[in-house]
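Letters A, B, C, D, E and F name the chains as they come in the text, with residue numbers starting at 1 for each one.
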Amino acid sequence: MPVSTHPNAKPGIVVRTIPRTPMDRLTPLADYGVATVHEAIGRRGLMASSLRPIYPGASIAGPAVTVSVTPGDNTMIHVVVELCQAGDVLVISPTSPCEDGYFGDLFATALKARGVQGLIIDAGVRDIRTLHEMGFPVWSKAVCAQGTVKESLGNVNVPIVCGGHPVEPGDIIIADDDGVMVLARGRIDEALTAAKARAEKETRNRARFQAGEVGLDVYGMRETLARKGLVYVESLSDLEGN
Amino acid sequence: MPVSTHPNAKPGIVVRTIPRTPMDRLTPLADYGVATVHEAIGRRGLMASSLRPIYPGASIAGPAVTVSVTPGDNTMIHVVVELCQAGDVLVISPTSPCEDGYFGDLFATALKARGVQGLIIDAGVRDIRTLHEMGFPVWSKAVCAQGTVKESLGNVNVPIVCGGHPVEPGDIIIADDDGVMVLARGRIDEALTAAKARAEKETRNRARFQAGEVGLDVYGMRETLARKGLVYVESLSDLEGN
Amino acid sequence: MPVSTHPNAKPGIVVRTIPRTPMDRLTPLADYGVATVHEAIGRRGLMASSLRPIYPGASIAGPAVTVSVTPGDNTMIHVVVELCQAGDVLVISPTSPCEDGYFGDLFATALKARGVQGLIIDAGVRDIRTLHEMGFPVWSKAVCAQGTVKESLGNVNVPIVCGGHPVEPGDIIIADDDGVMVLARGRIDEALTAAKARAEKETRNRARFQAGEVGLDVYGMRETLARKGLVYVESLSDLEGN
Amino acid sequence: MPVSTHPNAKPGIVVRTIPRTPMDRLTPLADYGVATVHEAIGRRGLMASSLRPIYPGASIAGPAVTVSVTPGDNTMIHVVVELCQAGDVLVISPTSPCEDGYFGDLFATALKARGVQGLIIDAGVRDIRTLHEMGFPVWSKAVCAQGTVKESLGNVNVPIVCGGHPVEPGDIIIADDDGVMVLARGRIDEALTAAKARAEKETRNRARFQAGEVGLDVYGMRETLARKGLVYVESLSDLEGN
Amino acid sequence: MPVSTHPNAKPGIVVRTIPRTPMDRLTPLADYGVATVHEAIGRRGLMASSLRPIYPGASIAGPAVTVSVTPGDNTMIHVVVELCQAGDVLVISPTSPCEDGYFGDLFATALKARGVQGLIIDAGVRDIRTLHEMGFPVWSKAVCAQGTVKESLGNVNVPIVCGGHPVEPGDIIIADDDGVMVLARGRIDEALTAAKARAEKETRNRARFQAGEVGLDVYGMRETLARKGLVYVESLSDLEGN
Amino acid sequence: MPVSTHPNAKPGIVVRTIPRTPMDRLTPLADYGVATVHEAIGRRGLMASSLRPIYPGASIAGPAVTVSVTPGDNTMIHVVVELCQAGDVLVISPTSPCEDGYFGDLFATALKARGVQGLIIDAGVRDIRTLHEMGFPVWSKAVCAQGTVKESLGNVNVPIVCGGHPVEPGDIIIADDDGVMVLARGRIDEALTAAKARAEKETRNRARFQAGEVGLDVYGMRETLARKGLVYVESLSDLEGN
């Protein structure tokens, strides 16, 4: 697993600022949700499904503040806090697989005070009951009370890989009950347009499905399937003579 | 993993009808629950514990409509919808392990409009928040926003393996918070009788346990255990002289 | 995996009594919670994070009544019930990895009647909906309806390993949404004092974090980090010239 | 996981004989190998890839003698030995997941004395160095020195599920370095013919590939791919203007 | 996972000496092998089967020199080297799960120069080709080229848990192709006697099995099985009328 | 998991050429090996340790020809073959996790005819015995006989993620028994210099270790460790009075 994907990002380098996108352009993405935006944008940017929310119902979209930490060491999370701003989403990944509880309610308190929306961490988290009560959502690989040390330098706001997907600082993170995705900053307009179109189409289709239509007709699949050789028989016993 | 366990079921064959059992005979099985029916029937038919409900509290029993899909391809789910009837339980299994999100709220809308009770899928599912709001229960191996394509044929209503267990079309699926089981259609009467007996016995035993009795007496185990060599000592330090 | 870590504990030996600690000394440990006590005591005693609560919100602390069972066999759980007392926490571990549902609502009824607080089991559990309704918390490795037999002897109240950690009978088990830990009986006073101190410090720090301070200052990390070579640059593009 | 998929197979029932196929019809299947036969027969019957050989290079094909065991209990393996004949392949599956070492060199000695070809076990095996020296191949889920008990009845020669796939007694098991597959007895002729055809075609194609041709031409894929929209650009930078 | 199971072992404490057992008493244990000794001693002390040898064929027995390391940090392996003696077996466990490559050929060179027999590590190892060429056997959880840092203190020669099993410094480690076990120092005589008896019995039984006898007779199981209800039928079709 | 990390790489786009590096600059990297180059270059670029060689002893370094495939579909591997040149290393990743056997001996024949050095695939491979005999090395996540279809478009020579790490077409892949790493093309000189220096230092240090020196002196760690609080006691019993 990469320390960082940036060729010049030696451990210990902290980048203070990221490109940030106005929140009014991001909120609609959270409303559309991960499944819709991911489909709309051409199925790119999904993180691994091992990243799960610690409680259901949260839904966020915001610019990624990225942190690369060494296994069992949360030094760089202390470093990143003061660099966070309202609307940011913290994205933390260890340099090799680790499920320790890097993050708990004190960090959440400090981040919430800055307006940070939530955390994506490809490792463990703790104090999850308090985090739920505070309304600070986390998507993590594990829940684990194991604490971490403060010995080793990592990086802040350099490109990282989280949940199997590359993340650039300032990329847009969208997360809800279906998982977490990352959207390149330059594709926000495209995503808004495509997600809107898709959501509208889904609304129309939902009405048709509710009325009893099926996808074979809604999506016009019957002819293609017949050409591919789809065959109907009445019952399983009809197969015996095959 | 099997495409299908039926020797003549080449990909592309769709069986229109399954044998269906009147719902009034199935509802009691859902009430007894998976743990009770599974015990009562001699511990057969349990699917792997990796199949988990996307939300707690649902409990269903109904005939299996089976679907064999290729990895990352939901073509056959579109095919199956119009063949489903009220009370059915959809059972979907990929021909090789896959955690993609084959199924979301649009499918659920179409199936709910037909009275389908729920879905068992040995793969991934998405839109889980909406599915919860709709009250369409799903037992799946994963939650994953990754979409699927519509390119490859599979099968509908042929025998499949799901959660490590063979399922014949029309077999009875029972699912609740404890997991998912499959019951051969020909054993429903036996299951109803045995589950009723077991539930009644459990009710009697529950009263005895609540009154302070223990299984050693309730199940008459003391003598057997003594014969097998069970030995009591007062405290751990009594072992030192052994 | 060990049958038992005690050199003289052959299968079939049952130790009737464990050293018990007055509950008024244990309740505060449950209130502090696993993450705080575990940190306070020097990060020892955490069980593996694969042990998860079957429902959120429970929080317990009590003396461990230990049970070593063979795979797929719950004989010894029947044996242990009458040896349990109010406040106890049952800790069950199989002699080799197994996810069967060793434990269900009947056992919980018998144990609750004795005032047992809950169960830690490095295996499977079932009837989880009823257990939730009863308010009998369980931390387990799996939920599984698969039943067990009553054929093989194991041990009660000998040292075992559960969740990767050794447990002596009478050790204090603390469990909540963050996981499960075991505390040596002889360290309770130390744990109470240290957890109280830590909790108070956390309260003070929480206020500071809420007020906008960061860990770099609260924990005085800036100088050390600078000495280790932490370097700030303004933006990612500043790295290009490196 | 199923105890057994046969509705009347209560634990304790042993079926003495299985339908056996003359070895001269099976040996060619071992020579073609799992990958070729599995493709040729329409991709049915593959067991899960978690079943791996304990040493490379073995290759067998023979009728399945099936055994259903309880977790951590090898009673039924003792029962099955005298029912085995030359050429048989033993297939063992536990009623719930277990990695104990059910099988070691003594069993292998007894089976080899009867001409049994090898073992497929969806659990653990031990004495693997001796098994290798003896030339008794095993495909297993784990290597584990943990022994088992002799307490609980299971079944011999009833239908089981192994490696996620149903196996009928007498079905043909084919196993090599690529994994394990099961072939219905009634499909042997079809498999021999299809595998022969496929192997011959592969030989022809191998010569073409060796001569520098590519699958696009050998399989005539170019036109289809173009129609599906395959687009060639010269270098990655050509994508920028998209 | 425990930092250490010793109540007074704070990180940073190094114990210089362990109790060592003369090698002539240990070598026979390596010859008997893990499966035999583990059975003979009553099935205690087996580490998890996730610990696998990096190459087949090695077989060792020696006193455990224990090391507790933090995740991704090999400081304490540097500390332990000079404390090792001929015949020792190094046993390393991280304080939380980690698969980094803590150990490579340079460490092996230093240890081999001291006569250390091999390494058991519940984490990752690298340079495995060179280790094989050197004949320095390692049983590990992973092979991983990821290096580690030298920042955090751990412990040497305090009790640890490795592969799910507690290890006291000076305990005897036995490892071969079947896995790894730990034997309490005080049980060596018992183990030698019991393993010898078992090996002799196995030799006698092997001859009987080779001559065609079966376990049902060799172990006198027929009567017990009949009493438990074992039933023989001739063929599967005989079950239909059940 | 990403279809592709390139914003404009829609499925179906094939890039014909990659930047290639002369082999005489790459061969030394294979000789240094993954562990050495990875350390030397600052620990970046390591793929997940789940990618393992199908046989030991192979060692390669070459430019990455990248392929993004859909789950269970090897269309794009057919497309890529004619674009490969001598020395290339094929790197294949599915758009969502899949263990199907995408690749077998026919592909290897075609690629070997073009001088391709080997394959890295974050999925399954088959025909591994033949691949070994041919001397065509593969690092894969699984061995699996399950075949794939030819229905869906993917990408060739666009940026992908493989083994959790981003790979650009033309990046240098280095693979041996310790795993797989990716090196940015622009860092080859740095890698050659650093790996040479590291290898020379290791040779010097190896001699010192062989002569009995330890890392504490070779790396000058004693003072730092003492300052961090490392404490030596003579035996475990000395801890009791703590």
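Methods note: contacts are C-beta pairs under 8 Å (C-beta built on N, C-alpha and C of every residue); 3 or more make two chains touch, one makes a residue touch a chain.
All values derive from a computational prediction rather than experimental measurement.
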{"item": "Distance in touch steps, counted as few as possible, from chain A out to chain D", "value": "2"}
{"item": "Set of chains adjacent to chain C and to chain F", "value": "A, B, D, E"}
{"item": "Equivalent interface to E-F, taken from A-E, C-D or A-C so that over half of the residue contact pairs match", "value": "A-C"}
{"item": "Pair sharing more residue contacts (C-beta pairs) when A-C is set against B-D", "value": "A-C"}
{"item": "Geometric centre distance via CA averages, chain C-chain B, whole Å", "value": "30"}
{"item": "Centroid distance [mean C-alpha coordinates] between chain E and chain B, Å", "value": "39"}
{"item": "Residues within chain D bordering two or more other chains", "value": "1, 43, 46, 95, 97, 99, 144, 146"}
{"item": "Touching pairs - complete list by chain label", "value": "A-B, A-C, A-E, A-F, B-C, B-D, B-F, C-D, C-E, D-E, D-F, E-F"}
{"item": "In the complex with chain D, residue positions of chain C that touch it", "value": "1, 70-73, 95-100, 144, 146, 149, 151-152"}
{"item": "Residues of chain E touching chain D in the complex", "value": "33-35, 38-39, 43, 46, 49, 52, 56-57, 176-179, 181, 202, 205-206, 209-216, 219, 221, 225, 228-236, 238-240, 242"}
{"item": "Chain C residues within the chain E interface of the complex", "value": "1-5, 7, 10-11, 42-46, 48, 95, 97, 161, 164-166, 184, 186-187"}
{"item": "Chain D contact footprint on chain F (complex, rising order)", "value": "6, 8-9, 12-18, 55, 75, 77-79, 81-82, 99, 101, 104-107, 109-110, 113-114, 124, 126-129, 132, 142-147, 150, 153, 157-159, 168-169"}
